[in-house]
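Below is one structure. I have some questions about it.
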Amino acid sequence: MDRKINLAVIGTGRMGSVHVRNVARLVPEANLVAICDIRLEAAQPLAEELGIPRVVKDYHELLADKSIEAVLIATSTDTHDFIVRDAAQAGKHIFCEKPLALDLKKINDALAAVKSAGVKLQVGFNRRFDKSFRKVHEVVASGEIGRPCIFRITNRDPDFPAIEFMRVSGGMFLDMTIHDFDMVRFLSGSEAEEIYTMGAILVDPEIGRAGDVDTCVVTMRLANGALATIDNSRKAVYGYDQRVEVFGSAGMVAVLNRTPDTHVHFAANGVHSATPLYFFLERYADAYVAEMQEFVRCVQAGATPPVTGRDGLVPVIMGLAATRSLKEGRPVRLDEIR
Amino acid sequence: MDRKINLAVIGTGRMGSVHVRNVARLVPEANLVAICDIRLEAAQPLAEELGIPRVVKDYHELLADKSIEAVLIATSTDTHDFIVRDAAQAGKHIFCEKPLALDLKKINDALAAVKSAGVKLQVGFNRRFDKSFRKVHEVVASGEIGRPCIFRITNRDPDFPAIEFMRVSGGMFLDMTIHDFDMVRFLSGSEAEEIYTMGAILVDPEIGRAGDVDTCVVTMRLANGALATIDNSRKAVYGYDQRVEVFGSAGMVAVLNRTPDTHVHFAANGVHSATPLYFFLERYADAYVAEMQEFVRCVQAGATPPVTGRDGLVPVIMGLAATRSLKEGRPVRLDEIR
Amino acid sequence: MDRKINLAVIGTGRMGSVHVRNVARLVPEANLVAICDIRLEAAQPLAEELGIPRVVKDYHELLADKSIEAVLIATSTDTHDFIVRDAAQAGKHIFCEKPLALDLKKINDALAAVKSAGVKLQVGFNRRFDKSFRKVHEVVASGEIGRPCIFRITNRDPDFPAIEFMRVSGGMFLDMTIHDFDMVRFLSGSEAEEIYTMGAILVDPEIGRAGDVDTCVVTMRLANGALATIDNSRKAVYGYDQRVEVFGSAGMVAVLNRTPDTHVHFAANGVHSATPLYFFLERYADAYVAEMQEFVRCVQAGATPPVTGRDGLVPVIMGLAATRSLKEGRPVRLDEIR
Amino acid sequence: MDRKINLAVIGTGRMGSVHVRNVARLVPEANLVAICDIRLEAAQPLAEELGIPRVVKDYHELLADKSIEAVLIATSTDTHDFIVRDAAQAGKHIFCEKPLALDLKKINDALAAVKSAGVKLQVGFNRRFDKSFRKVHEVVASGEIGRPCIFRITNRDPDFPAIEFMRVSGGMFLDMTIHDFDMVRFLSGSEAEEIYTMGAILVDPEIGRAGDVDTCVVTMRLANGALATIDNSRKAVYGYDQRVEVFGSAGMVAVLNRTPDTHVHFAANGVHSATPLYFFLERYADAYVAEMQEFVRCVQAGATPPVTGRDGLVPVIMGLAATRSLKEGRPVRLDEIR
């Protein structure tokens, strides 16, 4: 085994604490040496539970610690860009939750800092590490379905996030659809050229007052000629609906939802089975572990992580194009977004 | 039982001969008294096989026969409108294959003739009679899935039609997607207001030379606020892919493909099962029978058939809007089409 | 096309009228020249509906008619053997519903008459003609699953037959399980050597008073070394449960139930879909047609029908062995039954 | 949170090391204070990997340590009974892998020691903790399927165990089927009264020379009147086949296999998907964690563990009855086994 990596986690909120537990328990190649949160009272019990030796309130303390080789950034979105910049300048390898920022200039500045420091950066597009989506990626890449013609993604959340989150999230396209934009890029190995969006407020009028939509259909044309269609909803009462399908000239490969159990109940009034796994923490539990294992392996091996800075940048551009398409009621070319 | 209806079939090509066999064998409420085809040599053996007493070459002969109450028109598309007009003027009830015509003026003239004659007209949107789609219609109409938000349709043919057919078919939107336009109307009980289309030539360059596309994604906004997305391909190597899904505020209802058998083979290299039923003749065999049974019942009962002249007209308008959207690269409102 | 066969149907009750309609509509190679029922009032309307020229009360009239080449016997079980015998002596080819009789001597006498007359005999084990079971047969025969090790059959009716029927049916093993005995023979190409039966009265005590069971599990050892297990119930509230699975040294092949439609409803409380097709008339509609088409083809071609007299005899022997096993609480070898 | 339990693991082979990792990582209510293995070289690296402070070769050392409250026994089967006895006498709570022993006297002696010491004992029937089987248990217990009539279990391993293991395993019924015997008891809440077994050597003649079978079908009659049927194979090339179905007077509930991913590949030659999870370590990964969490909770709360000593005893009696039935070719009553 390669030597262990000393790693610290910055941000121990919902996503951060998932990462902390995963690294502590299931990434033996990493020493989780410290965690950081401006709300010390959140970080402290987590550190005790897992035997993490150090808890700090200010991430600069960790960046100043020469023994720490890598940081995982899971703070709120509006802080990602400058923590990435600071961490890069401190020479730390970086795993950063998505999105890097909602603003292209901030992202570009952060990426420039990463580049000039020569550190590794991996962006948290966790779905690429899901076994089913990886399998689709493999099948497409193998050529088994021929030339990809249509990418079709369904991504529906089981329930609305808190309205405060929605106000700062950048809107549906930068918060939810961004995962699908990443997935289209991951599966196609190509880039979107043009995006057209229809959106609607059908479930909760509150969303509209916050300036967002709760339902959308996005259509894209890719550089390789293929088409893509994505549908999203903020509220699927039957649970987290996460499906992908790639149709090609020689076949189709699709991913179905996963369920918490596989029971089937045959009754006089129908056949009943379980709804999909409730939400991302359940559905992508394995993927969150796998992405961290991969990040640590890349740091150990000096390899380029599989989700790069550019992979963090482009989906934001796509989200901005989708947003503009919605506002202007017309297809928007990606090169219009700067 | 009500008295039997005397019915004649005009056009005994591929679809016509399906109807002829269905009526002769499985619609006991109808007397199939005559069939007609300009190629007498095609109609004759069919009449012999089924014991149909009369075969003619010119449909005017049938229209002149007072004992014939209803005609089924299954000739080539470019003849539908004037045969409908002639049949209406002769006082015959009419079942006509889709589309009524590719030109709005022709359709409107034919419908005016039907209206002024006071005869029944049913248009052959057979998929409305498929048990699975009817079930989806019922579930949506019952309110069980709440407010419909997203209609999602996949319609992919297993193989290209003959290139000669494609040249006169009016293009993908008027030939294939027209069924999906009808399905959206049937399931939503609403009308499209705006249509945006992306199309591509990905499988057969020959299609492009004929001025058509072989792959498309269509997005629509409906009057009730819901969104719809349709994807089509001319060639799905795994068979006829016919799926529908309606996502609503209180649930989702979907239709999966049907297979010729339900065997499942578990081997060391995977689990294998049958591909979907090959094409429309297999997939919609029951629906073709059911639509004729319904037509005959409506004629017997003096009731309005379930797929009206207007149901024949609107999908053509939608097809023309989709075609214009493809050409002009922008969303097209239905009220632009006249 | 070969010349048409003149065929008559004897018995127009539930099964008989299914055969009559199938032959009249969907077996163009046969002329249905006459039908016969001791209750003329049952046969008459059927003949009118389908335009069958002749209706008789006494089957001997049909046997005396030289123009009739084949008869289909769908009378009550206790009359099968002597009608088969009479028909054979009259030189008619015979399709006879299962079982041939509940008594080995009667069956042997009937088969002897068939043999000495040199006529064709096909027994109505319709499930062999179901597309899914045929596919399993093919996969097993091809060697794709290696050496068959376990045959597992589930056969559960949706509801009890009339109690009068049950009294004369010969009991569960000769009425229901007989189909599974046939299926094991069909799929394995081997013969049972030993049968052990557990039965119970769990649903309706009335059954017990009639001397029968309503639930059973049958285990068998086949001559080729494989094992088989069958479970039956008289009442599955979720519909007709018809599954088969063959497990072999190199894989497994199974058949799932068919449903009337393929809708799936995703609700907050679960995912709901359709129960299996209700009962044998729906589930095996195609198989009833296919077996008659095959019978007529064999008569036309002078070929041996695919379900022979021996195929009619052996499952009765198996049913008698299963019955004895139940009574005596021990495994019974087939060679104990004479 | 209740205070943590000091726990030691005895035996760090295949199953033992799974338990060690699970307790260390995923059972925060337990302090894993020591592990023990006669092959110190196996235990040492595991202790290092997980930071376990103490490793011993002789389990008596652990039993003598007053600070240790509970032990997990995962040594080879032939040592279970006396380690249980010793641990009980030392006042430790005990989690013991199945089976307790292959010999009734040994089991009874061990259980007597447990009883007289008043310690908790949980036996490692892990499948009871699988979410899908728990769901079936719940549905059956709720009465939703009415009176249970038929329990049907399929349990097939993907490959043979090592031949040395098979020689000491007690044979198929005490090694494999024992899980199914437990499952029937768990799901039915009833006891078997009579067992009949058919077995065969169909895959590997070597098995026969070792005095065992590789394929079997077991039929049982339960005290509540229901029937049960189990089929087992040592080698299913398509993976670990783990299905259960309970058929009742008011419905049926079943469990399907789980797969590593949910991709579906639609190709011209069929529809392909993943085989079941390979073997017990993958299929029951969650159940192994859940059973330990439950054991620790019971020790903390002073509650009776959900899988008791009697639950460890009865399946062995059933296995002995099944073995005798195979040898004597007749149904064997459980009360014949003493």
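Chains: A, B, C and D, in written order; residue numbering restarts at 1 for each.
Heads up, the rule we're going with is that a contact is a pair of C-beta atoms (placed from the backbone, for glycine too) under 8 Å apart; a residue touches a chain by one contact, two chains touch by 3 or more.
Since this is a predicted model, take the numbers as computed values, not measurements.
With centres computed as the average of Cα coordinates, no chain lies farther from chain B than D. Interface comparison, B-C versus B-D: the higher number of contacting C-beta pairs is recorded for B-C.
Centre to centre, using the average C-alpha position, chain C and chain D are separated by 42 Å.
Put simply, the C-alpha centre of chain B and that of chain C have 39 angstrom between them. Chain centres here are Cα averages; for chain B and chain D they lie 58 Å apart.
In chain C, 236-238, 241, 250-252, 266-268, 274 are the positions where the chain touches two or more neighbouring chains simultaneously. Chain C meets chain A in the complex at residues 236-238, 241, 266-275. Touching chain C in their complex are the following residues of chain D: 146-147, 149-150, 152, 154, 156, 194, 196, 198-200, 202-203, 215-217, 219-221, 225-229, 231, 233, 235-238, 241, 247, 249-252, 329-331.
Residues of chain A that touch chain D in their complex: 25-26, 28, 49, 131-132, 134-136, 139, 144-145, 250-258, 260-268, 274.
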